[in-house]
Structures are given as structure tokens and as C-alpha cells.
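Can you keep this structure in mind? I'll have questions shortly.
Letters A, B, C and D mark the chains in the order given here, with residues in each chain numbered from 1 onward.
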Amino acid sequence: MSSVTSMSEAVSSAIDDGDSVYLAGFTHLIPFAAGHEIIRQEYSNLTIGRATPDLVYDQMIAAGCVEKVVFSWAGNPGVGSLHAFRRAAEDDVPNAIELEEYTHFGMATRLYAGAVDLPFVPLKTFAGSDLPDHNDNIRPVESPFGDEEVYAVPPLTPDVAVVRAQRADEDGNCHLWGIHGEQKEAALAADTVILSVEELVDTATIRSDPNRTLVTGDEVDYVVNCPYGSHPSYAQGYYDRDNEAYLNWDETARTVEDTEAWLEEYVHGVADREEYIRKLSSDRLLDLQAGNSYSVPVDLGGS
Amino acid sequence: MEYTDTELMVTAAANRLRDGDSVLVGIGVPNLACNLAKRTHAPDLTMVYESGVIDANPSSLPLSIGDPVLVSGAMNLESLHGGFNYYLQAGRLDAGFLGGAQIDRHGNINSTVIGDYEDPDVRLPGSGGACEIASNVERTLVVTPHDRRRFPEKVDFVTSPGYLDGDGEREELGLRGGPAAVITDMAVMGFEDGEMVVESLHPGVERSAVQEATGWELQFSDDLTTTPVPSDDTLQLIREELDPDGVYL
Amino acid sequence: MSSVTSMSEAVSSAIDDGDSVYLAGFTHLIPFAAGHEIIRQEYSNLTIGRATPDLVYDQMIAAGCVEKVVFSWAGNPGVGSLHAFRRAAEDDVPNAIELEEYTHFGMATRLYAGAVDLPFVPLKTFAGSDLPDHNDNIRPVESPFGDEEVYAVPPLTPDVAVVRAQRADEDGNCHLWGIHGEQKEAALAADTVILSVEELVDTATIRSDPNRTLVTGDEVDYVVNCPYGSHPSYAQGYYDRDNEAYLNWDETARTVEDTEAWLEEYVHGVADREEYIRKLSSDRLLDLQAGNSYSVPVDLGGS
Amino acid sequence: MEYTDTELMVTAAANRLRDGDSVLVGIGVPNLACNLAKRTHAPDLTMVYESGVIDANPSSLPLSIGDPVLVSGAMNLESLHGGFNYYLQAGRLDAGFLGGAQIDRHGNINSTVIGDYEDPDVRLPGSGGACEIASNVERTLVVTPHDRRRFPEKVDFVTSPGYLDGDGEREELGLRGGPAAVITDMAVMGFEDGEMVVESLHPGVERSAVQEATGWELQFSDDLTTTPVPSDDTLQLIREELDPDGVYL
């Protein structure tokens, strides 16, 4: 059973140095607030997993929190490279990082295997690619029906997952809409789950539409009410992606100095996400307004 | 009307799409090509994104494959695992666009590293869903600038399998489809017996220039033609409706 | 691409004698109208798959349409036995039927393997059970990571699946809510798909909530607008289960005579589902009213 | 107050449930037991159904595991594959109720056939999700009438594994948990070293009667007690709120 707390409390209670951590969210609802809190609390030697490391892992790597990255696509989406990731991978700055690399399907399948507690899950990918030569977690397996051979991956079971959703009740029963990514599998695969949401709602709202539920509170250890917790990523129906921030990071991250100055100002220089958001101009926040378009409700009957 | 290299590439890519195709789209040229095809000869084209968006109907240009405009008004959304599982692995997609840092004579694509994997000269983003797209769609379409660095005889790292050694290895591995077209700023290439073949040169581009920009002795089709240029209507559509702010042009 | 047609047309176009057919719906949205149409058109030698054969397969077996049943639980849910199923299985009446038997998870996993085109899917069940001794489609497989052994099943890929949902547009893009059962996997695993819905709606309704979509029209071959198409099963938000019909069937199906009389009156004696429904009393229809309770809408943004 | 056998079984089953348990529920006695526990000592009990309903909050008695009253107001719904995959296989459930035509001294359950599998005397419904429940929940709870036919020394067919041969085979196969209690109209039995042991006799039931209704030499606990009878409050709750129409009582 979960309890509502601050991001600062949730992170310090859930994560230890050296843990494996998965900040979920594929292009959508990326947990930037949690990533910044991890930097602020100066964690080290983390193994961080994400299909798409994105800016949030670039920032954690630049801050020296990371010793290993498990991933499938390390870029600035729609923009270019992740410069801090590359500095660490190519030049060991600020420290060497170990890379464990999959495809998106491989990463998603590893989390899925973790969520459903199977020792391996087969998948039709990797054949003909050089990736299996460099990753012992990608192995061939023969079908027990006929002689077809496919590849398989083992479960990924992070110590801690941070997942985001738009709304939850105080027990962590939550609704997510728009792109789901790997949020559900991450929550079910991890030992400890921090759920961060755009707003808290009453349980009746969640129970009004059980098909919308991502996971129930039984799977959640900490609930954090964290509006704008995904900025500069986005929350469908709440705010759009701040593309300017993605473009700016491409400039900032090119030098160690600028990167450190940015971390100083926007992470260490603020107490929490609310203070971070208050630093943004109102123009910028208004530009990110997402417009409105409501789902046609369905009748669940029974009352 | 005058056209840019990008406009020609968008048009050439759109010409490779058929009505009824389900297409794994990327951002930039592929997205413009799909929207162009949908507005012209392929109204029943379905746009699919590796973020799990199925049959997107975006009101404006998406900036990433997870842009919220792709979600509003989409027909279906799959989770990351669901999209790759139910759509790509199950072979439901007809075509897919890929980029990459290198493509070789057999259509193998590298988007992982330049140099040695363990000690790279350049660390590239990695596969993402590229390996799955290349392995599972019927027709892989590649859009890329044309230069020797990008067209080596053999890629440094096979991220996404093309025809591998070109001797039937792809079929033996049970992979679906394969590379169907490579569209560059100089030419359009297809594949015959697992090897890249120039099918059309863009207007004003010489054979020798394409050969010069390619790292192996390039085959030219016996039916070599000139790439059709975008019509005025097409250019108007691209400029005024598809990318009015000129983000990608 | 699909087209709207009648159930009679859809069934006669999609199904041939000897086909394997999967009428989907786990406890919810069972395609009774399609089953009755199959009986009315006097199909024979069908292989019919369902986790829970339910009354609809009992009726098809009694009518002599069936040569094989692939299943995991053959009972009258909440009531007792399926008498026609038992007569066929125990006494070859009206004809012998072959049984291929799984657990629910085994059946669901076979359809899933078919939907995702894998040659096998591992699952942690069957160990210690006698079921694998009697079914060659349940085989052990060793993990390529460590020496753990689990079982695996191969894909189930029916020639035809009939799936039901509450609402669809004319192209077969459809929304389902409430219990999903195996409707999605059945639609994706089958070669040909008949979609039967409670109501046709405009495409904008489907696109207003893409997270609610079961499958898109690309997977559907025939769309049938079929209100009350699941009676005496139910459609969440439309009508409740007609429990009296389930209790009555338990009596009717005890003798061949009563069973044949029932089929004569309620299947052969009516032209289609509309005529079947019109035979029910208005009291009965009113008793099945489901009440109303609407989902709290979500904002998809973007307009 | 007087009570019926069923009311005693409901009460005994409820007593085996703990606050915070996630329970795979069935229809009838298990459903009443869960609701009774939830209204008394286990308010945070979560009711899960093999139809994929997670944390049901039904306004009236469900008639089947897929009853729409289980869906309205539920907290989450999983597909058939999702429920078995994410909940049972992943070991998220603490307890589960099973019935069956036969249960043997090691808690193995038969719900498939009486007689030979290929030529059965009685063809039973089959496993459904019973094999998965028996394999994956921490504590399997069985509610059944008590007679010699239902309690053979060895079941005709193992649909759902209990302790198998009772010699550690269950653990060797990597199965979770195991049978924890068998609740009948005569007694409540637990398991020690993989063998059924009578823990309490219902009021007025003799040892010899239970032995007579059982197909092997039954073990009795050294701490054999009398099954607690339902209190007046409990009976009132069952009769007036949980099953006011007396559907299952």
C-alpha cells in the first residue's frame, strides 16, 4: 500500500547508491522531476535503464550519478545527439559508463518478462544484427514445436521504477492516457515503485473507468503529486512538449561548463519541481497549453 | 517551379508508397512523404509510429515520434511492447522508413557506432526500433544524404539487417521483406538480388557523381531513368499545407 | 478493409465447412448471434475454439456443426454442466467430438502467440498437472538463461474469428469496455475477422479516445451491426446477462428432444437476431436494462 | 442463532483470509466469504476474478465470474491473458479459492474427468484457471462438500497440483505456495508436510464421521479444535446484506 509524499521523500526513501533505477515513459510523461531530484540528492553508481535515455538521463550522466546505462536509443528526440551521454561513452567524462544495449523491442520485452516473472521471453528480432555479439543477454532459443530458432531476452527487474500518469487517487490507483510506452511493465517489474502524477483525484474517478487504469495502488509504494513533473517532456491533455528546451539542451550540453551551469541553476539551484516551474516565464507556460478535446464517455452500467 | 533537394526527396519517397499501405513513419522527410501520399494517390495510407500511435491524424507537423499531435485523433494506441509485438513482429506493416549513419551495398544499416563497438570513434544513438522495422516490414525505405562516408561497401556495425551478405542470408534467417528503396539527394536506388542498383538519377546529376559519392562499384539499372520532379501542385501542397513553417524544407 | 453487412452474409462469406472458428468473448460479449447463424446455415465439421464453450458452443455441438472443440472450461457458468457437450464427449451424440484441452492461461497464451506471430510462447503453468500427458501442444522448454524449465504452447491461428465490441465505425475501428477477455488476441490471430457490435458510431467517436480501441478496421473483414447480439450473455452498459436463460438451458439441454425443439424455435424458426429478440417479452428486456454510470472523460488535448 | 452448513463454511473460509490479501475469488461461498471478511476483519482485502476484474466493488451478488456488477466500480480490468500473466504468473495473489470434483490426501484437485481421460465416466468442465490458481497463489483454499467420492486417496486426474506425491515434488517443480485449507460441511483441514490434517471439527461432528467420509486414513491435528460457529452479527450480515435473496444459503 502506498502513501502520498514529496518527491524528495520518495526518492530518498526508495533509492540507494548503486541501485538499478528505471525512469519510465516513452516520449510521453518522462519523469524529469524525479531525475532532477536524484541529481539534487547526489546519488552515485546508479544503473539506469530506459529505452530512450533522453535529456533526463543525459543530465543524470553529466551530474556523475551513473555507472551503467541499459538502453536502446540514446538521442535527443527530433534534435540530435545526447552530448553528455557521448562524452561519457567516448571520453569517460565525468566518468566512464558501461553500456548495455538492446533494440526498443528488446528493452520492452525485458521489462515485460520482469513484469510477468518469466525466466525468458522469445522475440523475433536481432537475427542478422551485430547486437547479440555484444550482449550476452540476447541468446538464441529453439522452438519446442518444429525447428524454428528465435532470440530471447531475460527479465529486467529494476530495484526502483519511477512511473508517471495523469491522475491517481491517494492510494496510487492511476489512470494514464495517450502514449503508454513501458510504464505498466516498469511498474510491475520493479521492486519499489514511485508514482508521480499531474493531479490527485478521488477514487470514484478511477473506479468510473477501470479499463483506463495503468496499475492499482497495490503495485505502488510512493505517490507524488507533481504537476508539470514531466516538463520539458509532455503530459497528454495537460501540456505540450517544450521543444525550445530540447533545442537549448543541444547547445548547453555541448560543453561541460555550460552543462554544469545549467544543472547548478535548474536543479541544485531550486528546492523542488514547483520552484523549477516558477522559474519558467508565463509566456512559455502558456505556449505549452495543450488545448482541449475530451473522450466520448462510455457507460459502465450498474447503477 | 523550382524545388529543393528535400522537396524532391519527399516527392520520391511519397511515390514509393501505395494506397492502403500501413507505414512505420519517422519524423521529417518520411512524415512529409506519408502526408503527401495521403493527400494525393494514397488516401487510405495508415501512419504508424514506433511510439505506439496507430493511424495518426495529426493537425500539425509532429516534432518527435511521440508528439501529442500524433495522439489527438489517432485511431488506436498500443503500448511500447504491444506496438512492436502486435504490429511489427506480427508482420502487419507494409513499409517503414529508416535513416542511419551508414548503409552498405546490401542495404545493411548502421546507427550504432562509427569505428569499433567497444571503443567507438563516434557513439551513435543505437537501434531504437530500427532493427525491428528493418526485420519486419515488407519494404524498408531509406532516406539519406548521399556521400562516401554514408555509403561504405560494408557498414562498421549491422544495426538493422538488409540483405546481409546478399546471398540469400536474409531469407534463411526468416526475416520479412527487405530494403526496397534508398532515396538520396542524388538518386533513387532499388535492390536486385540483394544488391543496391541505381534506378533513377535526379535531374542534373551525373552517373559519375553518384559513383564518386559511393564506396563501392555501384550498379546502374538497365532501365535507368530520371527521377520525376515534383509538380507545381505537389510543391504547393508541401509548402502551404504540410510544412508551412518550413521546419524540414 | 472491412464493409458493413448482415450477420447472414458475413457468416456465409467468411466460413466454410471444416474451418477452425473462434467465437471470442470471455464471460462478456459472447457472440450468440453469430453462433446461431452458423447453426442456421447448417455448417458441419467445424473445429471450434473458446476458453469457455458456454451455451453457444453447447448449442452448436447439439446442432451437429462440430467435430472438434479446443477449450479450457466447458461448463454453464454459475449453473452447472453443458449437457450437449457432455453427450457428445461421453456418448458421441449427435456425433463424436474430439477434445483438445488447455487451461485458461494456456488458451489465452495460444491466441496471444498467434496474434504476435511467435512459434511458441513460454508460460509458468502445467507443471505437476496431468494435462501435458494428453496434449502434444503443451511441451517443456528450457530457458537459455540458467536451467529453469517452463512449459510452452504454439500459436492458435483460427481461420475465422468472431469478435464483439460495444461500438464501431463502418470501417470496423472499434471500442470495447468492461471485460476484454481474449477478443483482441482472437481478432489479431485469425485469418478472417467478423466484428459484431451493439451500435455503429461515427469515426470521430472512436478517434476521440484511441486508448479505448480494441482493434482497427485493418484487422476486420466484416462489420455487423447487431444490437443484443450477445443475449443471453451481456454487453457492459447495454444489457445484463439473462440468467433465466442460462438456468433454462440447464433444463432444456438435458434431453435431445428438448434441445432440438429449442433450436427449432429459437434458431431455425427465426430469420435473424432481430426476430430472435422480438420473441422475448418486453418484461424480460426491461429486466435486462443495465442502468447507467458513465466514465469520467479524459482530455486528449490538441484542438 | 441457528446457522446452516453453508453459513458455517462461509464463516470458516472468511477466517482464513487476512487483511491486505489479494484473493482470487469464485462464485458462491468464496464470494460470500470474501465479502464477509472485507466487512469484518479484512477491510483492505482485494477481490480478483479470473475474468480479469481487479479489486471489484460489487453492489449486488455476482451470478458468474464475469457478472457486470463486478465490472462497474472495479479498480482495474485486465484482459484474459493479462490477468493470468501479470497477476497469477507473476505471483501477485495471496490466496485463491478452488472447487473440484475430487481432492486427495496431498491436496491435488481433479476437475477434468471421473474415470479414464480418453474414455471418461463423467466429463467435468476442466481446469479453467484452476491449474494456474493452484500453481501460483500463496494459499489455495478449497471449499467442498465432504464425502468419500470427493475425497479419494488419489485423484483420477491431477488438474491442479497440490503437494503431488507429498514428498517435496511441488517445491522441486518451482510452484508457489500450495493448498492451505480445505473447508467442508464437516471439518476444516490444513496441511502438514504435504498431507491433509484435520484442524477442527464442526460442532456435533465426530472424528469417525469425517474419517468415514474420507478415502484414506486421515490425520488429525494434535491440537484438534472445534470450528468456531458464526456469531449472531456475522449471521445477520450474511443474511441481510451479503445474500439477502438467499441465492447461495
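The rule we apply is simple: a contact is a pair of C-beta atoms (placed from the backbone, for glycine too) under 8 Å apart; a residue touches a chain by one contact, two chains touch by 3 or more.
Source: prediction; values computed, not measured.
Asker: Smallest number of touch links from chain A to reach chain D?
Answerer: 1
Asker: By the contact definition above, name the pair with the higher C-beta contact count: B-C or A-B.
Answerer: Ranking B-C and A-B by C-beta contacts puts A-B first.
Asker: Once you find the CA centre of chain B and the CA centre of chain C, what distance in Å lies between them?
Answerer: Between these chains, centre-to-centre, one finds 40 Å.
Asker: So what's the Cα centroid distance for chain A and chain B, whole Å?
Answerer: 28
Asker: Distance between chain A and chain C based on Cα centroids, please, to the nearest Å.
Answerer: Going by mean C-alpha positions, chain A sits 38 Å from chain C.
Asker: Could you state the distance in Å from the CA-based centre of chain B to that of chain D?
Answerer: 57
Asker: At least two partner chains per residue is the criterion; list those residues in chain B.
Answerer: 53, 68, 71-73, 77, 85, 89
Asker: Counting only residues that touch at least two other chains, what does the list for chain C look like?
Answerer: Chain C, residues with two or more chain partners: 117-118, 123-124, 148, 178, 180, 208, 211, 236, 240, 290-291, 293, 300-303.
Asker: Pairs of chains that touch, anyone?
Answerer: A-B, A-C, A-D, B-C, C-D
Asker: Residue numbers of chain A touching chain B in their complex, please.
Answerer: Those in contact with chain B are residues 26-28, 51-52, 71-75, 77-78, 81-82, 85-86, 89-90, 101-105, 108-109, 111-112, 123-131, 134, 148, 178-182, 184-185, 234, 236, 240-241, 243, 290-291, 293.
Asker: Across the complex, what residues on chain A touch chain C?
Answerer: Where chain A meets chain C, its residues are 117-124, 137, 139-141, 143-146, 148, 150, 152, 154, 166, 175, 177-178, 180, 205, 208-209, 211-212, 236-238, 240, 290-303.
Asker: Going by the contact rule at the top, pick out the chain D residues touching chain A in the complex.
Answerer: 20, 22, 44, 46, 53-55, 57, 59, 68-69, 71-77, 85-86, 89-92
Asker: Name, in rising order, each residue of chain A that touches chain D in their complex.
Answerer: On the chain A side, the touching residues are 1, 115-118, 173, 188, 206-208, 210-211, 213, 215-216, 218, 300-303.
Asker: Okay, in this complex, where on chain D does chain C touch?
Answerer: On the chain D side, the touching residues are 27, 50-53, 63-68, 71-73, 77-82, 84-85, 88-89, 112, 117-118, 120-123, 125-132, 135-136, 157-161, 164, 169-170, 173-175.
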